[in-house]
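Provided herewith is a single structure, encoded as structure tokens, for subsequent inquiry.
Just so it is clear, A, B, C and D label the chains in written order, and each chain counts residues from 1 on its own.
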Amino acid sequence: MDTSRKLTRDEMARLVAADIAPGSFVNLGIGQPTTVANYLPEGSGIVLHTENGMLGMGPEAHGDEVDPDLINAGKVPVTELPGASYFHHADSFGMMRGGHLDVCVLGAFQVSVDGDLANWHTGAPDAIPAVGGAMDLATGAKAVFVMMNLQDRAGNAKLVRSCTYPLTGVRCVSRVYTEYAVFSLAGGTVTVEQTFGMEVADLQDLLGFDLIDGTAHSSAVAASSV
Amino acid sequence: MDTSRKLTRDEMARLVAADIAPGSFVNLGIGQPTTVANYLPEGSGIVLHTENGMLGMGPEAHGDEVDPDLINAGKVPVTELPGASYFHHADSFGMMRGGHLDVCVLGAFQVSVDGDLANWHTGAPDAIPAVGGAMDLATGAKAVFVMMNLQDRAGNAKLVRSCTYPLTGVRCVSRVYTEYAVFSLAGGTVTVEQTFGMEVADLQDLLGFDLIDGTAHSSAVAASSV
Amino acid sequence: MLSFHESADAAVEGISDGATILIGGFGTAGQPIELIDALRRNGAKDLTIVNNNAGNGDTGLAALLGAGQVRKMICSFPRQSDSHVFDALYRAGKIELELVPQGNLAERIRAAGAGIGGFFTPTGYGTPLAEGKETREIDGRGYVFERPIHGDFALIKALKADRMGNLVYRKTARNFGPIMAAAAATSVVQVADVVPTGAIDPESVVTPGIFVNRVVAISPTSMLPGDGQ
Amino acid sequence: MLSFHESADAAVEGISDGATILIGGFGTAGQPIELIDALRRNGAKDLTIVNNNAGNGDTGLAALLGAGQVRKMICSFPRQSDSHVFDALYRAGKIELELVPQGNLAERIRAAGAGIGGFFTPTGYGTPLAEGKETREIDGRGYVFERPIHGDFALIKALKADRMGNLVYRKTARNFGPIMAAAAATSVVQVADVVPTGAIDPESVVTPGIFVNRVVAISPTSMLPGDGQ
């Protein structure tokens, strides 16, 4: 991927998809994370979970495929792949909370260096709060990947020392994919794995906290894994 | 039923069966309670539950019917009736503990006037304890009926002021069927509903605590319900 | 006791003011819209409604909210693009909201049906939705104590019932149906078809008849989306 | 990750001393006898075994106990007419017993699979099996606090698996299989048949493949009772 410029949203989705191991059970959050499905390699054996009671979810349904009884968590009509299964809500969330999903991919308002996630409520006093399954996913999946822009519309960094928005989950995020860089989070340390159109030093200036430069290592790993 | 002599075991089973309302969901404990099934009226719509994961259990299997995958809680091969369903152990015991069974019928070592039940352990120091589903049934069913002899082999009364054997459940038994009488238990009061071969006064002498004589009332109810 | 009813109105009889009603469905999938409409005609007020959402558009649950019959919503995701009925009531202070993470909502309903007095869940720990709740550290992880949610009634939608009340569902319309049927004192189920006893494979029954109290068949043609009841 | 194995011995590889093993079955129904026999040949010692019973006759679980590989049994009903192997070990002080009411056993296993940190159950309240445990009165009723039972491995028996690991069971042999598959870090399943993906109706899957790690097909003829392995 061209590292001299920032990523498009589709390129971000492709990066996330490449980091999901074959055979994984994966939940893709509503919105941008859903697009990761478009880049999962054929034959990878990756199985998609939708929290409203299904494993083996296929792509979005179109035309005659649309069935009002077959929708995803975003209430979009989807399709069923061979080997799918249906189950009720308590079983579906037990699956999430019990640590059986390998990866979930979520959007975020903020992620802290400790891996705290804020993605359900801006804290605005007049907002109607809605949480859905976000807290269960954040708490339950073995690995929580976040896809987000590095800054909000006002230019504030969204990867922060400490979240100011209400939390979704505590110390749960392990990777953050943004248009400028991919970050790994572990034990309060943030490592830059790859950059796009920015140097690590620029990112550090923007974010205002220390970053470990893991870009050389990551490129080596990426090269050797081809 | 002839009240001038004590009941046989089959007659006790028939009495219990007659007290189970049509359409009830019922669990019959291992041993003597199992015989109640033989006296459930045809077309009563009573559905039998077996705690190892089935509703709609039919009679014991014989000959070619025997299937090692279809057994009851006593591990005896049984049959499947139309409209049966199978479920896993947590669902089966959730059904019990969640108060969905109308009646369970159990044997007992002792029942106290408060309805405490002791039926799993004699308390003998060298005994190997085994509890199975007894505590779940005692705690979960809407009504717990006990079938037992009024006295143990040593002649001690088994309906007692306070259990000396380790408890199975607290304040759970509502009816006790013995060869000499049927008792109702409520709020620490024991009412004799019917007697067989003994007078209420004799029962009171034998048991050593106050009994309410409900025999006149019960006969009237029985007569009017025919 | 199990009974079969000729109409949705007959099936919801006896729901009275102040009742807690568990309503199945995730969005419109599995939403028992005819039963909800019957509950609206029934007129019971001051209801507490448990549903994943808080109504879509102007029909079904949204219409029930619009009729002013609901005092409180217990749900995980009230705010949707078409939840304007709820939104207006909420902003006007005319409806109470208990917001519950979706998995805790499901597990609390399941606990009610299974006779569990309460449980410790990791979901919500360290977040505003755990405020005021008992917490506990277990094996180094933070948990929040949550209580069961019992219903006086459940209104759910299944695909088929046999004459014993055994149910099967269809695809993701299954969602909350099985756990709500078990968690309510009286469960009311609308099905597309009532089939003879024995027509559902005992291995494939999803909700055993023990959890089903009232059944009404609603022809599937009237269950298509956009029917506008 | 899901893998398919040629033999029961290959399927139980890696079970080491001190492991906690959840073993399915209620009596002999659903007992994965070939996997248990393979575990005996594997030779792992100091095991904690979770099963409803403590072995019947001299085969299967009883043989594993007889081989001296088990340090502790967690079960609800050890004492049976043909549990002489366990009985002798217990009376000789050679095996530990944690006796758990059957419903609490099931719910504790289910809790492990569902990520519940603990729960309050009415079962056992006021009895010797609640001694030393936390109790709580909830809405006027007594409850006991119980913890999840996690397994390092589960050995279970199902009827069929597809190539995604989705399972269906047969009649009352289902019993503990589904909850044990979910509660173990590695679940090992013996099935009568492996069928192509798509051959099991998605509505009828009992254990989704996400809970299944290793599958071995054992021809059903060798699964008849009295086969004496």
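Rule of thumb we're sticking to: a residue touches a chain if its C-beta (ideal position, glycine included) is under 8 Å from a C-beta of that chain, and two chains touch if they have at least 3 such contacts.
The model shown is predicted, which means the values in this text are computed figures rather than measured ones.
Asks: Please state, in steps, how far chain C lies from chain A along the shortest route of touching chains.
Replies: Each step joins two touching chains, and the minimum needed here is 1.
Asks: Approximately how many whole Å separate the CA-defined centres of chain C and chain D?
Replies: Comparing mean C-alpha positions, chain D is 33 Å from chain C.
Asks: Once you find the CA centre of chain A and the CA centre of chain B, what distance in Å lies between them?
Replies: Result: the chain centres lie 56 Å from each other.
Asks: Taking the mean of the CA coordinates per chain, how far is chain A from chain D in Å?
Replies: The computed centroid separation for chain A versus chain D comes out at 35 Å.
Asks: Please list all residues of chain D that touch 2 or more other chains.
Replies: Chain D, residues with two or more chain partners: 107, 110, 114-116, 121-122, 169-171, 202-203, 206.
Asks: Mind pulling the chain A residues that touch 2 or more other chains?
Replies: Touching at least two other chains: 80, 86-87, 90, 93-94, 96-97, 139-140.
Asks: Name the shape of the chain contact graph, picking from line, ring, star, complete and other.
Replies: other
Asks: Can you name every pair of chains that touch?
Replies: A-C, A-D, B-C, B-D, C-D
Asks: For the complex, which residues does chain D have touching chain C?
Replies: 107, 111, 114-122, 136, 138-139, 141, 143, 147, 168-171, 201-204, 206
Asks: Which chain C residues qualify as touching chain A in the complex?
Replies: Residue positions touching the partner: 26-30, 52, 76-80, 86-87, 90-91, 97, 99-107, 109-110, 121-129, 142, 169-179, 206, 224-225.
Asks: If you look only at chain A, which of its residues touch chain D in the complex?
Replies: 23, 25, 47, 49, 55-56, 80, 82-87, 90, 93-101, 139-140
Asks: Going by the contact rule at the top, pick out the chain A residues touching chain C in the complex.
Replies: Residues of chain A touching chain C: 50-54, 67-71, 75, 80, 86-90, 92-94, 96-97, 116, 121, 126-136, 139-140, 166-170.
Asks: Show which residues of chain D lie in contact with chain A when the two form their complex.
Replies: On the chain D side, the touching residues are 1-2, 110, 112-116, 162-164, 166, 182, 197-198, 202-203, 205, 208-211.
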